[in-house]
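My questions will all concern the structure given below.
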Amino acid sequence: MNWMFYIVAAITLIATVRVITHPNVVYALLYFVVSLLSVALIFYMIGAPFVAALEVIIYAGAILVLFLFVIMMLNFREEHETHWLRKRIWAGPGVLCAALLAVTIAFIAQGPMVSGFYRTIEPSEVGNALFGPYLIAVQLAALLLLSGLVGSSHLRRHERGSLLRKPEGGDSQ
Amino acid sequence: MYDLLWLIPALPFVGFLILTLAARSLSQRVAAVIACGTVGVSAVLTLGMIAGFLWNPPADYAHTVTLWQWMPLNSLEIAFNLRIDALSLVMASVITVVGFLIHLYSSEYMQGDEAYTRFFAYLNLFVGFMLILVMADNFALLLLGWEGVGLCSYLLIGFWYQKPENGFAARKAFVVTRIGDVSLLVAVFLIFSELGTLQLSEVLALAPDRWAEGSTTAWVVSLLLLGGAVGKSAQLPLQTWLPDAMAGPTPVSALIHAATMVTAGVYLIARMHGIFELSPSAMTVVALVGTVTLLTAGCAALVQSDIKRVLAYSTISQLGYMFLALGVGAWAGALFHFMTHAWFKALLFLAAGSVIAALHHEQNIHRMGGLRKRLPVLFWTFVAGAACLAALPLVTSGFYSKEKILWDVWISPLGGPWFWSAAILGALITALYSTRLIMLVFFGEAKTEVSHRPGKRSSFVLIVLAVWSLIGGGIEVPHNFGHLTLLSNFLETAIPASVELPPGLDLQLWILLLVASAIVTGGVLATVWLYGSGSPLRQKISDRTSGLQRFWLGGWGFDTAYDRLLVQPIVWLSQINRRDGVDGLCRVAVSLGRTGHFLLSTTQQGRLRRYAIGISAGALALLILMLLQ
Amino acid sequence: MTQIPLEHGLLLASALFTLGLLGFLVRRNLIIMLVCVEIMLNAAGLAFVMAGAHWGQVDGQIMFIFILTMAAAEVAVGLAIILQFHWRYQSLDVDQASTMKG
Amino acid sequence: MTLATLIALPFAGGLLCWLTARYSVAACRWIALLALGIGLAWTLAYWNHGSGPDGWILEEKISWIPSLGIHFQLSLDGLSLLLIALTFFLGLLSVLISWHSIHERVGFFHFNLLWILAGTVGVFLATDLFLFFFFWEMMVLPMFLLIGIWGHANRNYAAVKFFLFTQASGLLLLVAIVGLAFAHQQQTGQLTFDYNQLLGSQLQPLAEFWLMLGFFIAFAVKLPAFPFHTWLADAHSEAPTAGSVILAGILLKTGGYGLLRFVLPLFPDASETIAPYAVLMGVIGILYGALLAFAQTDLKRLIAYTSVSHMGFILLGVFAWNEVSQQGTVIQMIAHGLSTGALFILAGFIYERIHTRDLDQMGGFRTLAPRLAAFALFFAMASLGLPGTGNFIGEFLILLGTFREHMVLTTLAATGLVAAAVYSLWIVQKVFHGKPGKTQSLPDLNRMETLILTLLLLGLVGLGLYPRPVLDVAAGPLEALRTPVYVTAVETALKEDAP
């Protein structure tokens, strides 16, 4: 069933190209979602269901949502929701997603996923490794997240301009 | 009794400490009593030791006291050893006795000076160091005294520190003598590395064993020692500091720069006679230095107009006699002249000090005159001193000591007629300038008012010194006059007797004595006539020789030459290098770094995307490199 | 199902990475640039997982998880910076920010 | 744990100072004084302690990083004892002179001061090379801060220059230390930084030479020897008085100590190769420093260059390699610490009074402040090596010992004494003699200042007239350091063989 892989790969690439070429941020983000989902599918195909799930949940879910939140907070004047919901926005990502869906269905319909060389690596295996030999790394990752948290919450405060110098005169525009 | 010898130098130090620490709470009277008292007791102790040596000498005619271990190392033991023998005692007696008299004189002379206590503190310190110098039993201790007296000389020359020129003279004295000190220091190092000891007695004992007569090492050591002596004793070529040293108070000139410190060089060579005897050529160098010095300094003394400078040059000249004597092996002769010179030169300086004080601090002899009647005590004592200096026959101690030197020079295998003629010429010059001094200061018409007469204490000291100068020569009388050799006999235990006297030379001795006496007397009389009669000849001579006079007035141009050849180049060198050339290298490195920084920082444009391009390009380059391998 | 050759997976990963890089270099919108960084990270993760799968090892996935963690932290900080940036320059044009030049 | 306590005392004292200064400045000063006082007393208590069989008075060893063979290893012998005593003594004086002159960030000041001292004591005690390096670096940073925060006008330049020089040389030292440890490992299969074990390593001549050079340059920079001296003048002249005192009095001595303790015993053959050049460097330093000193118009800078001149003697003494010269070196280190420290203190006192270091604005101070002048005269005399002061003993013994090995160079070095006279008297003349210029009021020394200077004076005179206690304490260690280890090993083997 290699052809499925190649189709998904093609979808990924097309979506990614659109991410970097699309002038509108929101469109780009939508294409990015597609790209992520297709990568997740590839993970699934090569016997890594756990990371596939993570890819969907964290990448396509949490992180993308963050991006959208930011875009909302920035609140571009010309980019209102109506603007966002125009057909043209939907077209590209929609087509890609549809292709993706098709491939997924086809893939799952194949039956038992794992054959040949690829062995499915179960989530429990990953978990055991994570909390076994990689324990220290996990803790470090936790620290990293914590520092990310602290850093972002500190950076966000701009009321008093405490972090950076005040823009001087006409530079700000 | 000899174990108490440490008290001799210790007492002046105690005096110094008291005077320094309690300076504010002591009245001038108490300070003077302390200063004179400590030195006086030292003098009494020294004389007692001499008496002891005469009646009840210690074993080997020397006594050593170890006060404490100074630098005890495994390979070298330096102790704080004081040692007396005949030589040390002779020196010490002059230092303490003359020192005491000068202290006494100063207690009156310095009255009214606000730094009275400080003056006596320095003076006591000087006496202490000088005694250490002559009583030291090893080179380290000798250096302690040697440099210590240099310090005191510095302090006392610059005693009136508010005048910059005094400070200059003081520094000049210290630095010039220090050049000699370095020579001495190197001599000490050489002795140590050759002989492995710094103990004076051991050095003298070992040297003849280790060094053959005429060996190069002995020659080098002797010359280095001579270098030290030359610096301290203001001999050519390091004599330039002494005339300037007259900036100090006059008692200081009397004590340090006439009677005692400047004779340290004589002491050093006499003490190290054993080494010098190993190198006859070095001895000849000593004699040559002495001869040239006595002539040049004598000429310079002829034309000076500052009374103290005349005396200073005459001191240099007389020290030249002592060096000449040392150079021909006339050890006792040198020391005899040292003794008589100490008396009469101290006398001359003190009398000159009184003259200066009497005339509103006027030092120029051309503005003096006619003091004979107004200051009779000064006149007679000064004349006594000058007569000794000129070595007037029979009645003065200077005659006997100089005669002894002349005679020794004549008969010594190292001396000879040439040295003798130079010495006799020097004697003539001495007679000329001594007489000139008397004539200008005490005769003729008065040019300055007398404002101040010497007090009782000053007069007492002057009279004592004058009497002693006149009769003191009796301790050593030429053979044909009765052959009295008290000093030589006394010294014989420490240094070899003077030049052996071949029998049957009485006639020669008589002739030489008569020649010398005639020349000296003739010189004196000629000068008296020249200055007393108002003859036009004097003016003529002075007109004809004005260039020479200027040359001599400047001390034969030594000062100028040194200034041009040594001082100015070094000052120039240090000035152009003030900011440190090596640091310049660092500054070059810094400016290179800074230039690089400016060049590189232009690449930092603040554009994020360009940085990203840079990073990508770098990664690409690395990947291509990996592919190519 | 036959295996997908490792090379093909890696090719895909590298193509993704290059695209991300291209976007990062070309676009001036900060948000897009951040997204491009995410693409690159994702590509790296893909490569890890591919390799892990190829050798049947769990480590590839572990690495992916760490990359994910890092990406999350990075996005959090990056977005905060974008907010700050926007507040300061009233724009998302990265070329506006060029005051840190030497 | 006594030796560790010796280091911990200033460490903890410094921290405590920092903390208490917020509440009471006086308490902070007293704490510093107390810590250093206890340290001094503690050190002196070991003066007559007698040394163990291997030459150390006291040894302590705790495993620190066992996998790399690094130990927390401290040892005390006579040489360290003397220098530690000097450290605490000068540290005490530094606290005293800062009593009235430092008012800004007092706590942090004392913190830095005490940490420098702690680092220095560590340097003098450490016998694990890694630990030595640790302390070596630790004394630099607080010094950097001390100059950079409390210094004079040009302090940043001076501080950075000081830091760069010492760091660069420290890097060389580190490389050399690691290289030595590896070389030792190759030979014996055991990775260790233990000084006593490294002593025995027999290296390839070339390797020995390069490793020696690393150590040598590091110590020469600290000393500072001739081409590396340029940081000194800036650092000294810009540092606050206490900083100058510590720098001149103690920090420079770590260079001399390092040469004696590490370079000669660890690399005996290579040191012998370099000895003539080192002596030459010393001689150039003596003369060049004096030449520079004479041209300065900044009082502190002048004194700083005299240090260059005086420290040249150390190089001479160390590399002449015999008992006399090395004993002289020890005395010279102590005497220089006291005399130059005193001169810097004097310069500080003058600066506090007239707020300038420019010699041209001084003159005639003797009339205004006779006691100050008297002390200055004494210390100037000490600086020119007048007999009766410790400096004379130092210089005399060094030259005496060196003369046998290098006659011409020693003679040249001796002429440095003339130069010393020139610049020392120049200070006295310029500052104290002459007529007082503009009607400046110049209060004479107060009691505290007199006490400080009197202590230094007594120290110098004591050292000059009765140096025996110092010589006795230093004799054993110097003997041991001069004897290459294999000689000792052969001797002990012979002794054991003998019935």
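Assorted remarks:
For clarity, chains are labelled A, B, C and D in written order, and residue numbers in each chain start from 1.
The definition used in the following text is that a contact is a pair of C-beta atoms (placed from the backbone, for glycine too) under 8 Å apart; a residue touches a chain by one contact, two chains touch by 3 or more.
Bear in mind the structure is a predicted one, so any value in this text is a computation, not a measurement.
One finds 57 Å separating the Cα centroids of chain C and chain D. With centres defined as mean CA coordinates, chain C is found 10 Å away from chain A.
Once the centre of each chain is set as its mean CA position, chain A and chain D turn out to be 64 Å apart.
The mean-CA centres of chain A and chain B are about 99 angstrom from one another, to the nearest whole unit.
Chain contact topology: the protein chains form an open path, each linked only to its neighbours in the line.
Chains touching one another, given as pairs, are A-C, B-C, B-D.
Considering their complex, residues 21, 24-25, 28, 33, 94-95, 97-102 of chain C touch chain B.
Every residue of chain B that touches chain D in the complex is listed here, in rising order: 20, 68-76, 80, 140, 143-148, 151, 154-155, 158, 161-164, 167-168, 170-171, 174-175, 178-179, 181-182, 185-186, 188-190, 192-193, 570-571, 573-575, 577-578, 580, 582-583, 585-586. Against chain C, in their complex, chain B makes its touches with residues 600-609, 612-613, 616. Chain A makes touch with chain C in their complex at residues 1-2, 5-6, 9, 12-13, 16-17, 19-20, 25, 28-29, 32, 35-36, 39, 42-43, 45-48, 50-51, 54-55, 58-59, 62-63, 66-67, 70-71, 73-74, 110, 113-119, 121, 125-126, 129-130, 134, 137, 141, 144-145, 147-149, 151-156, 158, 163-164, 167, 171-173. Contacts from chain D toward chain B in the complex involve residues 161, 226-227, 229-230, 233, 288, 291-292, 294-296, 322-324, 327, 364, 366-367, 374, 377, 381, 386-388, 392-393, 396-397, 399-400, 403-404, 407, 410-411, 414-415, 417-418, 421-422, 425-426, 429, 432-435, 465-468, 471-472, 475, 479.
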